[in-house]
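The same subunit A turns up in both complexes below, where it pairs with subunit B and then with subunit C.
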Partner chain A sequence: MDRTYLDRLRLEGLDVDQALDRLMGNEALLGRLLQKWKEDQSFQALSEALDEGSCEKAFSLSHTLKGMTGNLSMTALYELFSRQTELLRGGDVAAARDMMDRIRPLYERMKAAI
Partner chain B sequence: MDSIQTETSMTTTRMPGKILIVDDDELNRMILANIFSDDYEILEASNGEEGVRLLLSDIPDIAAVLLDVMMPVMDGIQFLEKVRSKGWNGGIPIFLITAESDTQVLSRAYALGVMDTIAKPVVPYMVRRRVDSVIELFMARKRLRARVEEQQHQLDEQARRILELNHSMIEVLSTAVEFRSAESGSHVKRIHDITKCLLLNTELGVGMSYETIEIIATASIMHDIGKIAIPDAILNKPGRLTAEEFEVMKTHTLRGAEFLEKIPQMREHPGFVYAYDIARHHHERYDGRGYPDGLRGDEIPIWSQAVALADCYDALVNDRVYKKAYSFDEAKDMIISGKCGAFGPTALAAFKVAEPAMRKLYAVKEIQSDGQDIS
Partner chain C sequence: MKNEDSRHDGRSLKKSLTKRSAEFISMFWLNIVTFLMVIAAIFMAVSILYHALLRFSYVSATSLAGIYASEYDAESGTIDYVFGMDRYMEGMSYFLCDKDGRLLFHDTKVEYDEETVSRFARQLIARIESGELGRYDDHIRDMEGRQRGVYHVRTQDGGWSIVTMPYAAIFGSLRIYIAIFSFIALMFLVANIVMITRALRERKQNERLISTIRALSNTYYGLYRVNYADHTYELVRGSRHVRDRMPDKGNYEDFLRTSGEVIEESAFRDFCDSFSIDNIKRLIQTRIRDFGGDFLRNFDGEYRWVNVSLRFDESLDKDEVLLCFREVNEAKQLQLRERQMLQDALEMSDRNMKARQAFFNNMSHDMRTPLNAILGMTGLAKDRLDDKAKVADYLSKIEFSGKQLLTLINDILDMSKAEQGRLSFNERAFSMSGTIEAALEPFRLQALSQSKDFHMVIEQDEWPVLGDPDRVVQIINNILSNAIKFTSPGDSISTRLSHSISGNTVIYTLIVRDTGIGMSKEFLPHLFEPYYQEDRFTSRSTVGTGLGMSIVYTLVNYMNGSIKVESEMDEGTEFTVTLTLLKAAEAPAAAPDTVNENASDDREPLKGVSILLAEDNEINMEIVLELLSAQGARVQSAWNGKEALESFEAAPEGSFDIILMDMQMPVMDGLEASRRLRALDRPDSRTIPIIAVTANVFSEDIAAQKAAGINDHVIKPIDPKELIRTIRGCLAGTRA
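After this line comes the complex of A and B, so read on.
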C-alpha cells in the first residue's frame, strides 16, 4: 500500500497500525475492507431512521457502524457511534440525532480519503 | 440430520477442521476468517438461521462456532436457544464475538452454554490463542471419550461371552444328568423356553424384570440336577418303582438343592435363590401332597410352580421310560383337570393363556433339533 495513502487515512483518524495488527498485517485485506466500508449503505439508512424517529432500526444500524469503525480502527468515529448506540439503547432518539451533526463531517472526510 | 450428535462413533475419532462464523457484518466475517483460514476451513453464515442450518449439516467437522449477538432474522441468543432445542450439549465450543456490553445478554448467553466471550473489535493473536486452546481441549476430551467407549465395548463383549459360557456350561451339566435317564438334550432347552414363555406372557411373571425371567429360565435348566445322585437301576427302571425305590427317587430334589449349595460361586450368584428353590420344590403340589417339604398353596415359590408346570407338560407330550407320549390336547386336559400334578388357580390360568404358545415352541424345536436329538 502506498505510504501517502496510509498517511492520509491516519490524518482522518484511522489508526492504520492497529487496523493492520487486527488483520495480521494483511494490507490487501485492509484495502478490500475499506472498499466494503465505503460502499456500505448503513450510514444513509441510519440518517433516515433517525429522521423517522425509528429507534429500534437506528439502534441496529448505529450498532453495525460501531462494529465496522471499530474493526477498521477509525478511532474517533468508533467513539461517536459507541456513544450513539448507548443513547439509542436507552431510547433517546433526539440526542442520537443531534450527534449526527458531529458524526457526518468526520464520516464524509473518511469516505473521501478512501 | 435433525439432532446434534457430538458423540464419536465406536471406532473412528475424526478430528473436526472447520470453524463456523455466524455474523451479519461481512467485515467481521472477513477479519475472523483471516485469523483462522490458514489452519481451518471457514464456514460463514450471515444470520442465526443460516448458522443453525450450516451447523446441523456439518456437525462432525465443526471445531468451533464464532457467534455474533446482534443479527437480523435470528440473533445470537435465538441461535443458542435453537441449537439447544436440537440437542446441542456443549460438544462443540461456541464463542460469543461481540461488542455487546449488556450484562443481561451476556449472562443469558453463558446460561445457554457459550464457552467464552471475546470482545469486538478483536485482537487477533488473543482470539486465535483462546479459540485454539479450547478446540485442543475439546479434541483431547473427544479422543478420551472414544477410548473409554471402546474399552467399555470390549468389557461388555467380554461379559457377554462369560455369560454365554456360563449358560452353556449349565446346559452341558444338566444335559449330562438328563442323558443318564435317557432324556434328550432338548429337554433342558424346552424347560428353559417354556418357563420363560410362562413368566413373560402370563400373570405368573408380573413384577419380574426381563433379566430376572432370563435368570429363572436358566436356573430351571438345573431342576433335576440332583438325579446325578440316583442309582441307574432306579433312574432307568422301565416298570413301576417300589415304595422304597420311589423314596430314593424323591431325594433328587434335596440332593439337587444340596449340590447347588455346596458350590461357593453358585451361592453368590443372583440366580442361586431361584435355582435352589426350583431344584428343591419342583415336585411340590398346590394341595400340599408333594415332596420333599409338603409345601402348600402359595408357600411354593412362583418360579418353582412355573418349572413344575413346564416339567409336567414336557413329560406328558414326550416318551418316557415308563410311558408313551400324549397329544398336546390330552396333555392340556390332564393338567387342567388335575390328573397330572396339582396346580394352583393362578398357575392354571397362566397355563391356559400360554399353552398355545408353548405348543408352538415344540414345532420350532422339532424342526430345529431334527437329527441332533439324542433320544
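After this line comes the complex of A and C, so read on.
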C-alpha cells in the first residue's frame, strides 16, 4: 500500500498505525479487510432499520458497525457508532436516526477513500 | 451459680446412689447369712435326731442283750426268744460268748460258716474289751462293710452278750429324707446364686443407665415433674433459688411464682402464661411433646440466657409432664452475635449497593462531560479548519478529554477486577528509582505549566527489584493527578523517594506532599473507599471516578505495602507509600511487555493453542483469526453462539484449550452460549476457559458474564497484546 493511500485513510479518521499494530503490520490483510468493509451491507441495513423504526434490529446493526470500525481503528466512526449504540440500547430511535446525518458523510468519505 | 447448683445436686445424687448400693450389698449378705443359718439349723435338727435315734437303739438293744443272755439255756444251747429277734428289727445279729470268748450262740441273718462267725465274735469281744465300743454311737463295719451299732452286756458268768444292729435299720427312711432335703437345699442355693448374679448384673446396668441420665441431666440446673391434674410439682433437681425456698413437693402455682422471681420482668408474664396448668393441658391435648423457649434469668445478679422446655412423654406417670431448665448463655450469645453479623453484612451490602448506585449516577455524568467536550471541540474545529492555531488548540483539548475518559474507563476496569480479586500483576525486574522518576516527569511539566512549584528528590538505587512497574506508575499517576487537581497556581508539590535495604529486600518510601486544599477530617477515613467522593471535589469541575485512591489502596495492598495519608483543610495533603520489594538477580529485562514465560514463547506466544472463536461479524472474525494465527494458535470459527456450542459439543473432549466468545451475536448470544456450554455433561465443559469479547465493561456486565461461567474478558476494539495476555493468563490459570 502506498503512502498517499494510507495518508488519505488517516485523514478520514482511520488510525492506520493502530490498525496495523492490531494486524501485526500485515498491510495486505488490512487492505483486504477494508475492501470487505466497503462491501459490507450493514450500514444500508442500519439506515433501513432506523427508517422503519425497528430499534432491536438497528441496535444489532449499529453494534456490529461499532465492532468493525473499532477493530479497523476508524476512530471517528467508531465513536459515533458507539454513541448510537448506546442511544439504541436506551431505545432512543429518533436520536439514533438523527445521528445518521453526521455518520453518513463520514461513512461515505471513508468508503471513497478506500 | 449454675455450676455450683449442679455440683451440689450431682453430689447428693451420687450420695444417694452410694447409699442405695450399700443397702443392696447388705441385703445380699443378709440373704446369704440367712440361708446359711437355715442350713445350720436343719443340720443341727438332723444331727439331734440322729443321736436320739442312736441313743434309743443303744438303750433298747443293750437291754435286749441282757434279756437274751438271761434267756440262754446252756443245756439246749438255744434261746427262748421272748422278744423275737426278727420281730424286733430287721438285720439284727446276736452273739453270746463265754468268758473265754468262745461263741456259745449266735443268730444272724447272714449265712456264714461257724469258723468265720466265731472269728468275727472274737474280734468283737477283743474290741469291746479294749473299751473301743463302749459308747452309744460306737459302731463297726460288718463283713459286708455296712455300718452297725454294737451293744453289749456282761453275762453273769463273765461272758459277753452282744447285739449288733445295722444303721440302715436304725435310721430307716430318714436317709432318704435327708437326701431329698439336701437336694432341695442345693437347688435353693443354686437358684439363689443365679438370682443374685442376675441382680448384680442388673444393678450394674442400672448404675450405667443412671450415670448416663445423670450426665444428661447435668445440662439442666432445674428438673421438675409437674402433675397437671393435682396442680402439684415434684422436685427432681432444683435450682438453688427454688431449693432454698420451696419444699420438694408442693403446689404448682406456688412453684411457678417462686421460680418466676428470677426471670426477667418482661419474660415473666409470658412464662406464667405459657406454663400455666391450663396451657399445659392445652399443649397435651394438641399432643405437643416439646414446648419451650429462651429467656433471661438472674443468676446472683447477672442475667444469663436460659432455655425452658416442657416435655411430655409416655414414660412419665399419667397426668405428668417434665419441666426442664437449662442454661444456654454461650449458645444464645453466639446465635445473637451471628444474627447481628448477618444484619451488619446486609446493611453493609445495602450501603455498598447505594454507594455503587450513586457511583453509576456520577459516572454517567462524568463520562458525558469529556465526551461532550470532545464532540463540542470537534464541531468547533470543523468550522475553523483553516485556522490552524485554533484547530491545534481544539485538538489538544480533545486529546485531554479523551485521556480523561481513558483514565476513567481504566479505573473502572481495574476496580472491577480488584473487586473480583483478580488484578493482574506482571512481575519483572525493573529499576524503581528510574520508573518513579520517569513517572513523575509529566507531572512536573504539568505543574510548571500551571505555575506550581514541583520538587523532586529521588534517592537513586543501583539494583533492579522485582515487581510490576506499570502498577507502580499507576499508583504514582493516581496520587500525583490528585495533587495537581487539588492545588492552585502558587501552591507547591514535593515528592521524595528514599529506600532502606534489609538483606535481600528493599523498602521504598515515597512521600508526596502538596499545599493544596486538603481534605476534611470527616472525609479522610473514607478516602480509600470505592465510589466515595467528597462533595466538594465535584464542585471544582474536576473529573474523577472516586476510584483512584481506592485503586491505589488496593494496589499497594496487593504489593504488600502500606499507604498513609495526613491532611488538613486548606493546609495540604501528605501521602506516604511504603513498598517492600525483593531485589532481582538479573538486570532489568530489555522488553518489559513480555508475558512472564521463556523467550522462545515470545515470538509465538500462543503456539499450539487450540481456540474456538465465536464472532458474528466477518471483518472482526478475520482480524481476530489473523491475530491469533500469527501467534501460532489453531482457530476454529463459529458465526454465532449456537454454532460455537455445537462445534464444542461435536469435538472430542479436550479439543479446545480456550473459547473466545463475542457477547452480542445473532441466534444465540455469548452469555446464553456460555451458560449452556457450562451446563453440558462433559468434564471439559466446566474447566475450559471462556473469554468474553465485549464492548460492555461495566461491573454489572462483568458480573453477568461471571454468572454465566465466563472467566475473563477483553474489550473491543481488540488490543492484540491485551488479548494475548488474557488468553495466556487464563491458560496458566487452568494449567496451574
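Rule of thumb we're sticking to: the second predicted complex is superposed on the first by the 114 of 114 C-alpha atoms of A that agree within 3 Å, B and C clash if a C-alpha of one lies under 4 Å from a C-alpha of the other, contacts with A are read in each partner's own complex, and residues count from 1 in each chain.
Here is the rule we go by: a contact is a pair of C-beta atoms (placed from the backbone, for glycine too) under 8 Å apart; a residue touches a chain by one contact, two chains touch by 3 or more.
Model, not experiment: these values are computed from the prediction.
Visitor: Taking subunit A as the common reference, can subunit B and subunit C both be placed on it without clashing, or not? Answer clash or fit.
Guide: clash
Visitor: First (subunit B), second (subunit C), both or neither: which does A:66 touch?
Guide: So A:66 meets both subunit B and subunit C here.
Visitor: Just to be sure I read the superposition right, which of the two partners does A:26 touch: subunit B = first, subunit C = second, or both, or neither?
Guide: In the superposition, A:26 touches subunit B and subunit C alike.
Visitor: Just to be sure I read the superposition right, which of the two partners does A:109 touch: subunit B = first, subunit C = second, or both, or neither?
Guide: Neither partner.
Visitor: So, A:38: does it touch subunit B (first), subunit C (second), both, or neither?
Guide: Neither: A:38 stays clear of subunit B and subunit C.
Visitor: Tell me which region of subunit C runs into subunit B after superposition, given the options 40-48, 544-552 or 616-624.
Guide: It is 616-624.
Visitor: Identify the residues of subunit A that lie in both the subunit B contact region and the subunit C contact region.
Guide: 21-24, 26, 29, 32-33, 36-37, 60, 63-64, 66-68, 70-73, 78
Visitor: Would you tell me which residues of subunit A are touching subunit C in their complex?
Guide: It is residues 21-24, 26, 29, 32-33, 36-37, 40, 60, 63-64, 66-68, 70-73, 78-79, 82-83, 85 of subunit A that touch subunit C.
Visitor: Using the touch definition up top, name the residues of subunit B that touch subunit A in the complex.
Guide: Against subunit A, subunit B makes touches at 24-28, 30-31, 34-35, 70, 72, 99, 102, 120-124.
Visitor: If we count contacts the way the header does, which residues on subunit A are in touch with subunit B in the complex?
Guide: Listed in rising order, the residues are 21-24, 26, 29, 32-33, 36-37, 60, 63-64, 66-68, 70-73, 78, 89.
Visitor: Along subunit C, where are the residues that touch subunit A in the complex?
Guide: Contacts found on subunit C: 371, 374, 616-620, 622-623, 626-627, 630, 662, 664, 666, 695, 716-720.
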